[in-house]
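A, B and C label the chains in the order they appear, each numbered from 1.
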Amino acid sequence: MAKNLNVTIKFWKQNGPKDKGHFETHDLKNIPDDTSFLEALDIMNEELIAAGKEPFVFDHDCREGICGMCSLYINGTPHGKTERGATTCQLYMRRFKNGETITVEPWRSAGFPVIKDCMVDRSAFDKIIQAGGYTTVRTGAPQDANAILIPKQDADEAMDCASCIGCGACVAACKNGSAMLFVSSKVSQLALLPQGRPEAAKRAKAMVAKMDELGFGNCTNTRACEAVCPKCETIANIARLNREFIKAKMAD
Amino acid sequence: MAINIDSKIPEGPVAEKWSNYKAHQRLVNPKNKLKLDVIVVGTGLAGASAAASLGEMGFNVLNFCIQDSPRRAHSIAAQGGINAAKNYQNDGDSVYRLFYDTVKGGDYRAREANVYRLAEVSNNIIDQCVAQGVPFAREYGGTLANRSFGGAQVSRTFYAKGQTGQQLLLGAYSALSAQVQAGKVKLYTRYEMEDVVIVDGKARGIIAKNLVTGKLERFTANAVVIATGGYGNTYFLSTNAMGCNCTAAVQCYRKGAYMANPSYVQIHPTCIPVHGDKQSKLTLMSESLRNDGRIWVPKKIEDAKALQAGTKEGWEIPEEDRDYYLERRYPAFGNLVPRDVASRAAKERCDKGFGVNNTGLAVFLDFSESINRLGLDAMKQRYGNLFDMYEEITDVYPGDLANEINGVKYYKPMMIYPAIHYTMGGVWVDYELQTSIPGLFAIGECNFSDHGANRLGASALMQGLADGYFVLPYTIQNYLADQSLWPRVSTDLPEFAEAEKAVDAELTRLLNIKGKRSVDSIHKELGHIMWEYVGMGRTAEGLKTGIQKMKELQKEFDTNLFVPGSKEGLNVELDKAIHLRDFFTMGELVAHDALSRNESCGGHFREEYQTEEGEAKRDDANYFYVGCWEYKGADKDPELIKEPLEYEAIKVQTRNYKN
Amino acid sequence: MWLFNSSIGRKLIMSVTGIALVLFITFHGCMNVVALISKDAYNTICALLGSNWYAIAATLGLAALVVIHIIYAFILTIQNRKARGNNKYAVTEKPDKVEWASQNMLVLGIIICLGLLLHLFNFWYNMMFAEIIGAEGLKYGPADGFNWIKETFSNPVFSCLYIIWLVAIWFHLTHGMWSAMQTLGLSGHIWFQRWKCIGQVWSTIIMALFLIVVLAFWFFPDAVGQCDFKLLPFAVN
């Protein structure tokens, strides 16, 4: 049976990227502990609206941990703390204690300017993918799918790399604001597959160049990114990106 | 007034229609493509693949999405897989068999020619995705792996773990990104299409709202493609994402596009049950769990009462007191009957009072038998991530040993209940995927074309990508070859100004109601009405009551809504209010269609029309048609136009899952 | 040039200079052990590393490595601060698997630099530098490393400072060694664990060697270096 909790939500309000921003608090009473954290925020917003106030703005969409839209920094951890990686939308109120104050902040990184409250602009990630996160292949032209044999372990490893949901928790957690885990996951996926090899060198160079241009920081291997990644991407990807990049530059 | 609906099905036997069409259609030459603009709204599987392919061909594409990135579209949440008639398993699959299974699964309410084309291009999709680097599951020898899915006797489903939708969408997204980089696609994220602009009877642009600034902007093009998904969120609680809405489709409907078969709504049997009135969405547990899980409720009503009161737990009920009702009713297919059948059976048990949680709206999905037989490790290997996800949400781990009765070990079962999942109905399109408005195309879940009255598992991904990669890029050229379209129309035309003014007036109207109720509170109520009266079991009376209640609630919406904030800047509540306005229109339309269709078929079940055993009873003599609805005005009921179905390749039969 | 204007290039510079410095202190650590055994043998080494052209060249090279390593540490840190942005989190929690050292490499590096200055003052200034400028009147000769060690660690303040220094280097290396291999791309799921293990064992052994020398000269100044053992059959200088 669900228990009920009383918690205080301390949430970040910021009206646009130039605004300084501040915290506001709201008390939530009798929240069943089988409510998801985002549902608790829904309840808070209903109460704010009932009081004639503007609701607290945050990104969310699929609410099943795959779209990568949700992006809240909860009590000092991106997506909140769970045992195995989970996104904000998969965080449930039973993780919190009765009477607790829950601090909710946006991803804070120069690469992700705040749009409003805890909604941030992650279009930089799209730009990095556009720089080279693909194989160039014309619709309708390819050969039969089974003509390319791929060892199962390579396919599985590529699948793990491809699981990245682009939420940005890695950047949010990184003290250097580095996007290496995100970039390396895409580079790794395509580097591991024969389909991605022809453009591997070009891809690694272009994506790293774009990442640098957009002002993301330098990776110092603190591993904070992999600790908070909801999809358990690992820094083995970063090592692979380093290898691909150095190899590509040496070959120039 | 009889309106003739021309579905533009090409000549010839069903297997040759698509080839014939491609051989004779008009094309646009490469130089001229550079002069033509196409708007694609939506970046899911259909939208992203269409935008990428059109861009690659040379068209100038304007691509819109409401999320912060194209990669977030809800196609990403599809778990199971994608069908294709590759016959890699040597189990006798063929294009014809995939076509046949899809038509049969759709309860013989789909268009033959469209489905055949879908089956035909299914193989190209797999080739295309593999070339893009989609990491499909593989055998040790390096070839692609397949799994089985409901409604088929062959293994034809390609998959990437339980994240096939994600991987296919990321494939399409990367193809799209390549075209953005090449300058052929211009991307507009956090933009919502509010209206389609019609000039001289043709779709020539859209009015879109920049969700960040709140500004309305005008966009002009030679054709408009909507790929905006289904209307499942009309029910408030569904497996759809929070942002899924039908505003673009409904706005096209208001402008003259027909809406077809809206009553065909798919209810997925294995979702985590509703746990309270604060819930925002329902989480799907993959259909694959039904391979090893057994669905049951207690045999004795007193056990069910005790479960509902919380004085008993499922694992305390011994084997002999369990009613494995799917195995009892459908011995041949057992727990693997199609989705609509499994959902209705669960509802039937719960309606009789056998529900197993405090709301009485849940049944057990039990793995004890499989765990005892194969061991917990084997189960974890197959379903580990689903078990974890279930535990994260409910705090119950399905692999936990809970009890032992007479030497039989009982593990904690999952609780599941059906939930709204997919909408087979949608904007009416002809063979070319063109709506009844010239120049307006609809692709993916947004249109009605390929699934009939029920969609089979792993077919949604197939349809989205087929439309986007392989069908629309061809058929749209047949339209764009029309020389009269070529001059770009100016956004200063009065048609654009009027459309923008109308949208702006609507925003003002919603903001100025200044009542007491939030959008969500009204939406929830609409959802209750939909689920209660237009849900799994429908009756003529219930549907009429439902329509009445919706009208009353709409009045409440129009007079007592409260939207905080202003038109300027980001206003999430205002956007939700617009969506809700259109959910009302859609909800009523679903009810009207359900009321007019006096038969049960696929996702549409009318309680008056069932066999003695409670199975759906189709009426092919009177309802063998596509129900197209034409908008007649805000205060008037829509008008039904029928597109008769013609089957030449397949013999229409009754579906049988019993033996 | 990609080494200077790409993030991975800059990291590569840190990585390569770091590895070179690790190799140097490994040599230095081994060399120090000789002092525990034999005074003469140790002083022979000191003489070999006196103001000879090759020793001076190596020292300059070493200094260059250190300077580059430090400069790039600051460049990277400044860039990373900027990438992080001006808004700080109100609440942060360090995930369990994040090593403390990894997030404090710059602080550790600064401590190491201060220690290095002390070390140069205690030894290099009195030895190689003194020999180069031909300084007179010092307590011990420029090649008498053994007595300079004795002199330094007879002062408990210096000994304590050196121990703090060694701890800082140890922390710096436990992260730095696998991190360098990671940056070079010579890591992966399995090799990450291996490099981490190798790095910890390696840095612990080297630092232990240094520590033994400090403690031995501090507490048993008369017992060390008493073996009659010659490194070379002839005398240098």
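Following the convention adopted for this analysis, contacts are C-beta pairs under 8 Å (C-beta built on N, C-alpha and C of every residue); 3 or more make two chains touch, one makes a residue touch a chain.
Note that the coordinates shown come from a computational prediction; the quantities given were computed from them, not determined experimentally.
Between A-B and A-C, more C-beta contact pairs join the chains of A-B. Taking the mean of all protein C-alpha atoms as the reference point, the chain centroid lying nearest to it belongs to A. Taking each chain's centre as the mean of its C-alpha atoms, chain B lies 64 Å from chain C.
Centroids built from CA atoms put chain B at 26 Å from chain A.
Centre-to-centre separation between chain A and chain C, using Cα means, comes to 39 Å. Listed in rising order, the residues of chain A touching chain C in the complex are 21, 23, 73, 75-77, 81, 103, 105, 108-111, 173-178, 180, 208-209, 211-212, 215-224, 226-228, 234-236, 238-247, 249, 252. For chain B in complex with chain A, the residues that touch the partner chain are 49, 52-53, 56, 67-74, 76-77, 86, 88, 124, 126-144, 160-161, 163, 165-167, 170, 173-175, 177-178, 180-181, 187, 189, 212, 239, 241-243, 275-276, 278-281, 283-284, 310, 358, 388-389, 392-395, 469-470, 473, 518, 520-521, 562, 564-565, 569-570, 572-573. Listing the residues of chain C that touch chain A in their complex gives 2, 5-12, 76, 79-80, 82-85, 87-99, 102-103, 105, 175, 178-179, 182-189, 191-192.
On the side of chain A, the complex with chain B involves touching residues 1-2, 16, 31-32, 34-36, 38-39, 42-43, 46, 49-50, 52-55, 57, 59-69, 82, 84, 86, 90, 92, 94, 115-116, 119, 121-123, 125-126, 129-146, 148-152, 155-156, 158-159, 162-163, 165-166, 189-190, 193, 195-196.
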